[in-house]
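Chains: A, B, C and D, in written order; residue numbering restarts at 1 for each.
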Amino acid sequence: MSFQVSEELDQLLTNIKLFLVQEVYPKEKEVIEKGFNSALPILEELRNMVKKKGWWAPAMPKEYGGMGLSFLEFARISEILGTTPIGHYIFNSQAPDIGNMELMLEFGTKDQKEKYLRRLVNGEIRSCFSMVEPDRPGSNPTWIETTAQRDRDNYIINGHKWFTSSADGATFNIVMAVTNPNGEKHKKASMLIVDMDNPGFEFIKNIPVMGEEGEGWMSHAEVKYNDCQIPITNLLGAEGEGFALAQHRLGPGRIHHCMRWIGICERAFDLMCKRAVSRRITPEANLASQQTVMNWIAECRADINAARLMVLDTANKIDTHGQYKARDDISIIKFFVANILLKVLDRAIQVHGALGVTDYTPLSYWYRHERPSRIYDGPDEVHKRAVSRRILSKYNDN
Amino acid sequence: MSFQVSEELDQLLTNIKLFLVQEVYPKEKEVIEKGFNSALPILEELRNMVKKKGWWAPAMPKEYGGMGLSFLEFARISEILGTTPIGHYIFNSQAPDIGNMELMLEFGTKDQKEKYLRRLVNGEIRSCFSMVEPDRPGSNPTWIETTAQRDRDNYIINGHKWFTSSADGATFNIVMAVTNPNGEKHKKASMLIVDMDNPGFEFIKNIPVMGEEGEGWMSHAEVKYNDCQIPITNLLGAEGEGFALAQHRLGPGRIHHCMRWIGICERAFDLMCKRAVSRRITPEANLASQQTVMNWIAECRADINAARLMVLDTANKIDTHGQYKARDDISIIKFFVANILLKVLDRAIQVHGALGVTDYTPLSYWYRHERPSRIYDGPDEVHKRAVSRRILSKYNDN
Amino acid sequence: MSFQVSEELDQLLTNIKLFLVQEVYPKEKEVIEKGFNSALPILEELRNMVKKKGWWAPAMPKEYGGMGLSFLEFARISEILGTTPIGHYIFNSQAPDIGNMELMLEFGTKDQKEKYLRRLVNGEIRSCFSMVEPDRPGSNPTWIETTAQRDRDNYIINGHKWFTSSADGATFNIVMAVTNPNGEKHKKASMLIVDMDNPGFEFIKNIPVMGEEGEGWMSHAEVKYNDCQIPITNLLGAEGEGFALAQHRLGPGRIHHCMRWIGICERAFDLMCKRAVSRRITPEANLASQQTVMNWIAECRADINAARLMVLDTANKIDTHGQYKARDDISIIKFFVANILLKVLDRAIQVHGALGVTDYTPLSYWYRHERPSRIYDGPDEVHKRAVSRRILSKYNDN
Amino acid sequence: MSFQVSEELDQLLTNIKLFLVQEVYPKEKEVIEKGFNSALPILEELRNMVKKKGWWAPAMPKEYGGMGLSFLEFARISEILGTTPIGHYIFNSQAPDIGNMELMLEFGTKDQKEKYLRRLVNGEIRSCFSMVEPDRPGSNPTWIETTAQRDRDNYIINGHKWFTSSADGATFNIVMAVTNPNGEKHKKASMLIVDMDNPGFEFIKNIPVMGEEGEGWMSHAEVKYNDCQIPITNLLGAEGEGFALAQHRLGPGRIHHCMRWIGICERAFDLMCKRAVSRRITPEANLASQQTVMNWIAECRADINAARLMVLDTANKIDTHGQYKARDDISIIKFFVANILLKVLDRAIQVHGALGVTDYTPLSYWYRHERPSRIYDGPDEVHKRAVSRRILSKYNDN
């Protein structure tokens, strides 16, 4: 394999995989069934095991209590964690917290780091990210309605957001709001930290998504900001830099997501193969004897391999040349891998037959909760348009 | 349109559609949220409205309290009812009850009709159909494990079933069991009526499907038959005719399902178009301005039209030449329409963006609960194989 | 089948099919290999056989020497003729002549009919249709460059056209040219009859298409009009009505094309099935034992059935309500059937293996010469846009 | 890019690409139109230019007059050469000659190398490879009919082959024939060198493929071996090793083909983009403004990138671990890249509209002559089956 991993990392990946198979897979069904809050004791126990093994927060610097792995190393780990719906949480590497950690690490003030980041990395608190609005397309982050008006040493935030994921039970929130309404398109918005107990912050409810309202980390909230006053020291990064920070957050975020999706693909692939060899369709023959199933297995193998190479190549480009030069690749993997993910899940379900639609495998969970992968962080259509425009602009220049 | 409907039927369809839009659509979300049992008062009220309008049980004979519509007439109504998840229930035409009604109407003894059918058509009781087994592929109905051993005037049933849909709260059950283990492949099994309060019948639980255990009519049970004794008078049809009856049940059943799916498609299509014209993606442009969305609308329109023509043509063939001669067409529409259904739903969700994965439209309900359409009543692969074998056998004969 | 054909037509279809199988299929390879001009004696002999059988020009009125069949009857015959690349020619129902016949029959003056139509229907001469221009998109027929300037009793035509199919050897041409440059968009152009021996008409060359320049009827010419003077009596229809006439020509034309494509599909399907049962892949097994091949056969059967129902339904609508009301259906079948055609051909080739890419079956001919089906008469994309816009306009009006 | 190329190779690739654009692209249409034999002077001139530049036979060792590039280096060059239909020929790296060169280089005797290989690498002669038989599936190379019977110091070959590509004008042939009919399945056949002027060798004809018989290097012959006597010194490799050698030939051969296909994809992609920005569809808008075209460009970019990464990764594995360990990857890229190739070509044609089906771009040539890519060297279906079986066998072992 050309995107070589060091022997050390290889060993780590093997160990983590083994831990997941032995300790985590057996508990994922119970966690999903109970719901996040009731399952917290189980999750805490698993988190403690991870901490003891020295694998906590692999992407965070050692000084904050993480493993201090590089971007490319964490990408590999993210794939392994993705093989179970609770993998990232158990390693304290779950969205949206990990994105917030990365943002604060790079752009947070010393105080912000002490107050928020340290406890976040420790796993003491959770956070959320409040960008999408019900009345504005998530695909157009330059067009938002929420405002944060400067009032001496404070900002007064007003607005309505939804899909503020994991808000339920979170301690703070990073909100995107227009601070410079007359600024140019990409310079209007800023990111602001809002404590959830701020009286101007209103938690409306967890939105029912795919049949579940969910709870705790596993939920998507609708929230409101009603003359919500925060000190200007809660500005994250510079004023007007909200869009830039959001982009900055999304680049590595998409690598994390994509690697997680590949992890899901591998688990689904494994389940599909196991089912194929174990399920008899007549007393003499099993599903693996069916050429249609064989085709799916070969095609899924091809697709997953392609997905991984694409993501690693993109991660490598980000690492070498920076996000800006890799922006086409980042857009491409977003739609390319999300579509492979859903195709692999669909086929794994079909191979499982009736069992595939039950909650006795994680497939039905992913079928529901990964359908949004083609929508969030920019729907397929928006990424295709973006990639194509940049390609064609080079032709137009000639 | 070449599959002409009479002016009278056309008027009826229009009236029913209007009723659904005005009275039922506004309540579907509440019903799904509350769950079947809690929503019963709402459902009962709607059922009473339907009765008052004289639209009750449209496919059942007038002597049993139905409308006495023909097979082809009901197919049209089934499409309209399919536009809401609770349409068929409100008209007492829901699976699995309607299939059981059809079976009993044709094959039931006078006593069976009096004891079960009449109350079923009246809507006093519910029923279920117990065929699929967890350890045997649903795709091979000639290979089942459950047995019904003759013991003088009784049968003693033993076996393990799942996806006995709507068992929760049902009054009786039609179970498929092997009565003639030494009979030829298609003559081994029989259908037997089992009262749910039979001490040998064990309701294990509702299987969690796509994140929900469901309840009442909206559930899929795992059940067991433990030396379950029933009188031989509870045999439905002749001994050894279980497979034949199942096929008989499935033919019209597939028409009902397919027309229901087309109804879902039409609703999803309508929601997609409404969303396209109402959702702005910039202050100046709405989604309908996007060629990708236009492509989907045109392609969905084409696919839905094709689906309807295929199903009506098949229904017509069943009506004219009988199920046997139409068996290829029945297999074809099963996989053809189910795939169109899922494609249309997927696109409608994508056009809705984040809203599409919430439970604020019926799309997410159908996305979850119609995924099985490609699995139950024979997965795509089995139907394709069956159709192809018959076609190729003609070539082999030459 | 719900789109019933009369017993008489059914018999005719059977007879024609038998004739094609026995007399025409065996000669199609030779005709294609030799090229149109060298193959003329063979074609003439076959045409004479058709005349003797009384099947000549089935869509033309009896007074002109045709069979006088209705639009819907001819649609059925068109399917049968489509099963061989030379079927339509042998029955004098080939594009572009049949389109020209239909136009002249409805809009030609008495003189035009005598001079051109009668000889065309007799099969004495051939014609062509000159609309598409190399520098203007064929998908936008309201934007053409060729002009026809009125000069007393004449028009002076200037312009450059290509894909003037079958111009090589034709006697006359119907050209689309702008006569009213200041007219509104759809009223600028007119149709004009140009004799090919007009000194202002320049035949440049047959365009090499898919590796062949072709010749005679089987060719696509590039032509020029250099101050080409024609009498005003050669105006076909009214001045400024060119676009309307073109639309008028296209409606039934698309039915003819679609039914022809379905004929191709049926032949390809038949070849695929024959190959599947006859080709051994090991000493013991043939291709028909492969589930992938089975899937293709079932899916192609489904697609072809759907295609036929869609086209017949559309033809029926045109017949009942006129072209205008059926224009969405006409657009839909154009892209729906063309895509099925190419998919069926592709799969039939794959089943044939190496044989499939040789010229020993008609598949390779169709693979090459029907690829344009997704382009001519409006590419898929244009039809999808048109259908979608009309659908969405109804939503916008609300 | 993670599959780094050296600066030196990078410069070479740039120079070759420039040469192709300036000197070769302008002549490709003429070569294809004239046919191979008439175009030989043009091709010879271009070959001489390549020799002068020191780029001759890049994959061959310097001692034979080649550039002595490594397998991975040549893979990169193969992509560039693939951008024109005559690229590989001009660099004397065309199939089937390059495969024969590789075989002889590794398995040829000293005499065979002197007599055949040296002249082949020099470009003095051409060769062919005779494996596929009309009556046996090419997908099953262990089941062939042609025999080579030992008769003292000779073999007597009898058999019937087709798709002996480039036989027309070749000097020698490597034929696959059964020498050990009682050997085990993979040990029956051997490879034998046959001079084309051997009286027992019969050139029947060039098979018409996709409308063309072709000639010279650009042709596919049907041939016969009639008691064709050759000395045993013409055995290539050991007796019974024919299958092993064929596999050996195919591994790198598939890399060459895949990289060539990617070259075709890149050229088609480039043509598609150029067309998109240059073709106006209204006086105001060009094709590039159409979202459908944008989607295709983004999707093609994603697919081509994925294809290249997959092939380079596989080449890397072959290089590092040998063909055997990379056999799944080799099978995967065979079907994965061939399907991308045909999809990209199809879309590029669609974007070109009518121009796309003419021979004015190389697209129509590739559309016809690369359709076999999904068939030769093992059809998609065979590779999928092979990959899947190996994957599932690991699950069965558990």
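To be clear about the criterion, contacts are C-beta pairs under 8 Å (C-beta built on N, C-alpha and C of every residue); 3 or more make two chains touch, one makes a residue touch a chain.
Keep in mind it's a predicted model, so treat the numbers as computed, not measured.
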## Note on the structure
Dup interface of C-D (contact pairs over half shared, numbering-based), picked from A-B, A-C or B-C, is A-B
#### Entry: Result of counting contacting C-beta pairs for B-D and A-D, higher pair
A-D
### Query
Using CA atom averages as chain centres, what separation in Å is found between chain B and chain D?
53
### Query
Distance from the CA centroid of chain A to that of chain B, rounded to the nearest Å?
37
### Query
How big is the gap, in whole Å, between where the Cα atoms of chain A centre and where those of chain D centre?
43
### Query
Which positions in chain C touch two or more other chains at once?
290-292, 295, 381
### Task
Please categorise the chain-chain contact pattern as a line, ring, star, complete graph or other.
complete
### Query
What part of chain C is in contact with chain A in the complex they form?
290-292, 295
#### Entry: Residue numbers on chain A that touch chain B, as the complex places them
33, 132, 134, 137-140, 143, 162-163, 207-212, 279-283, 290, 292, 349-350, 353-360, 364-365, 367-368, 371-372, 374-376, 379-381
#### Entry: Complex contacts: residues of chain D adjacent to chain A
1-3, 273-274, 276-277, 288, 291, 293-295, 297-299, 301-302, 305-307, 309-310, 312-313, 316-317, 328-329, 331-332, 335-336, 381, 383-385, 387-389, 391-392, 395-396
